[in-house]
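The structures come next, written out as structure tokens.
You will see two complexes here that share chain A, one where it goes with chain B and one where it goes with chain C.
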Partner chain A sequence: MIFSLAVYGSPYTYQSSDSAYQFARELLNQGHEIYRIFFYHDGVYNANRLTIPPQDEINISSRWSSFAGENNIELVVCVASALRRGVLDDSESRRYEKDTHNIEQNFTLSGLGQLIDAGIVSDRLVTFGS
Partner chain B sequence: MILHTVNKSPYADQTLLSCLRAASEKDTLLLIEDGVYGALKGGEYSALVESAAPRILVLAPDLEARGLLDKLSTTIATVDYAGFVELTVTHDKVVSWF
Partner chain C sequence: MKSFLIITRRSPYGTSYGKEALDAVLMASAFVPVSLLFLDDGVFQIKQHQDADCIEIKDYSPTFAVLEQYDVKNIYVSASSLQHRGLTEKDLVLDVEVISDARIANLLDTNAVVLSF
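This part shows the complex of A and B:
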């Protein structure tokens, strides 16, 4: 089956991004396809590559990034949610004349239409709320 | 047939009660994250959860993470992540209450 996930929770505050990650891994274990993982609201903080958790804790953004890279999964961050929370890619950073950008590798900024598209294309859309 | 997930403790939030009002008897309700507090034996919500019309299940890893494996109501079954995925396949859609 084709699955997409929506993640609404900020990492290190809510469990939802960990739940989504465990669920996503199990989907692949069972041979399902993940079409897209969409990060919305405070979920956009999952894409901040400048987070530095203590060494004995999980780095949530880099864990998503490795998972997506190894399994060729699209991680999409809602651009409107991201900009107002200071999660920027190179082009948005230039557009708004900021001195840096901070989106983690393998995440892309895009519009809410990508969540709607994921709902249409996938057999199941599973939301992990904050 | 809908799979409902509830991730909030009923001691802190109305999501479980809202979900139970909306769910039909053919549906399944999976308690995840802090939602597992709703299924403790002898708790304020145990009678409600044990007699609810939809089937109620609990995500075992979240129960275990909170040290509550031996506090679960004896009439409620658990699933692991493999079971969670299977539930999303066997139900037509998933509604998340949070």
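This part shows the complex of A and C:
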């Protein structure tokens, strides 16, 4: 079956992004396909590569990034939600004349249309709220 | 074509879920048939006479009026959610269809994709 996930919760505050990750990993273990993982609302903070958790805790953004890289999965961050919350890629950072960008590797900024597209293409769209 | 049901369940201002649900409705309307359901505290989003100036947050309730131009014609409100909060249809900024819990169950059943905010 083809799945997509929508993640609304910020990491380290809510379990939702951990649950989404574990669900995604298990989907692949069971032979399903993941079309896209879409980060909306506070979920955009999952893409912040500047997070520094204590050494005995998981680095959530880099865990997403390795998972996506190893399994060739699209991680899409809603651009409007991300800009509001200060999650920028290189081109947005230049456009708004900021001094840095902070999006983790393997995440891309794109529009909310990508969430709707994920709903259309996938057999199941599963939401992980806050 | 898959139909989408977007459910908005939280009051305005306390969180940005309501505003971002509305953005999702407008975006979805460009691609698919979409229905919108106000449920639980979500009914407060379309209450008349909102004044968010004093908390310096933008009042987005006028945006609901443009939904019809975006071809979002199926707009529903839960009758029990209104009743539990002492509201009636007359308190709302929008012309909506007030529906029973049984109809809500039917909406959940008949729409291919359900997004809840």
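Methods note: the second predicted complex is superposed on the first by the 130 of 130 C-alpha atoms of A that agree within 3 Å, B and C clash if a C-alpha of one lies under 4 Å from a C-alpha of the other, contacts with A are read in each partner's own complex, and residues count from 1 in each chain.
As a convention for this text, a contact is a pair of C-beta atoms (placed from the backbone, for glycine too) under 8 Å apart; a residue touches a chain by one contact, two chains touch by 3 or more.
Note that the coordinates shown come from a computational prediction; the quantities given were computed from them, not determined experimentally.
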**Asked** Regarding the shared-chain residue A:Thr127, is it in contact with chain B (first), chain C (second), both, or neither?
**Response** both
**Message:** Touch test for A:Gly111: chain B only (first), chain C only (second), both, or neither?
**Reply:** second
**Asked** So, does A:Ala80 touch the first partner chain B, the second partner chain C, both, or neither?
**Response** second
**Message:** Taking the superposition on A as described, I'd like to know which of chain B and chain C A:Pro54 touches: first, second, both or neither.
**Reply:** neither
**Asked** Which of the two partners, first being chain B and second being chain C, lies in contact with A:Gly119: first, second, both, or neither?
**Response** second
**Message:** Quick check for you: in the superposed arrangement, does A:Gly31 touch first (chain B), second (chain C), both or neither?
**Reply:** neither
**Asked** So which positions on chain A get touched by both chain B and chain C?
**Response** 8, 125, 127, 129
**Fill in**
Counting only contacts in the complex, chain A reaches chain B at residues 1, 3, 8, 15-16, 19, 22-23, 25-27, 29-30, 32, 124-130
**Request:** Mind listing the chain C positions that touch chain A in their complex?
**Result:** 2, 4, 16-17, 20, 23-24, 27-28, 30-32, 112-113, 115-117
**Residue ranges of chain B touching chain A (in the complex, touch as defined)** = 7, 32-34, 61-62, 81-82, 84-86, 88-89, 93-94, 96-98
**Fill in**
Listed in rising order, the residues of chain A that touch chain C in the complex are 6, 8, 40-41, 80-81, 111-113, 115-117, 119-120, 125, 127, 129
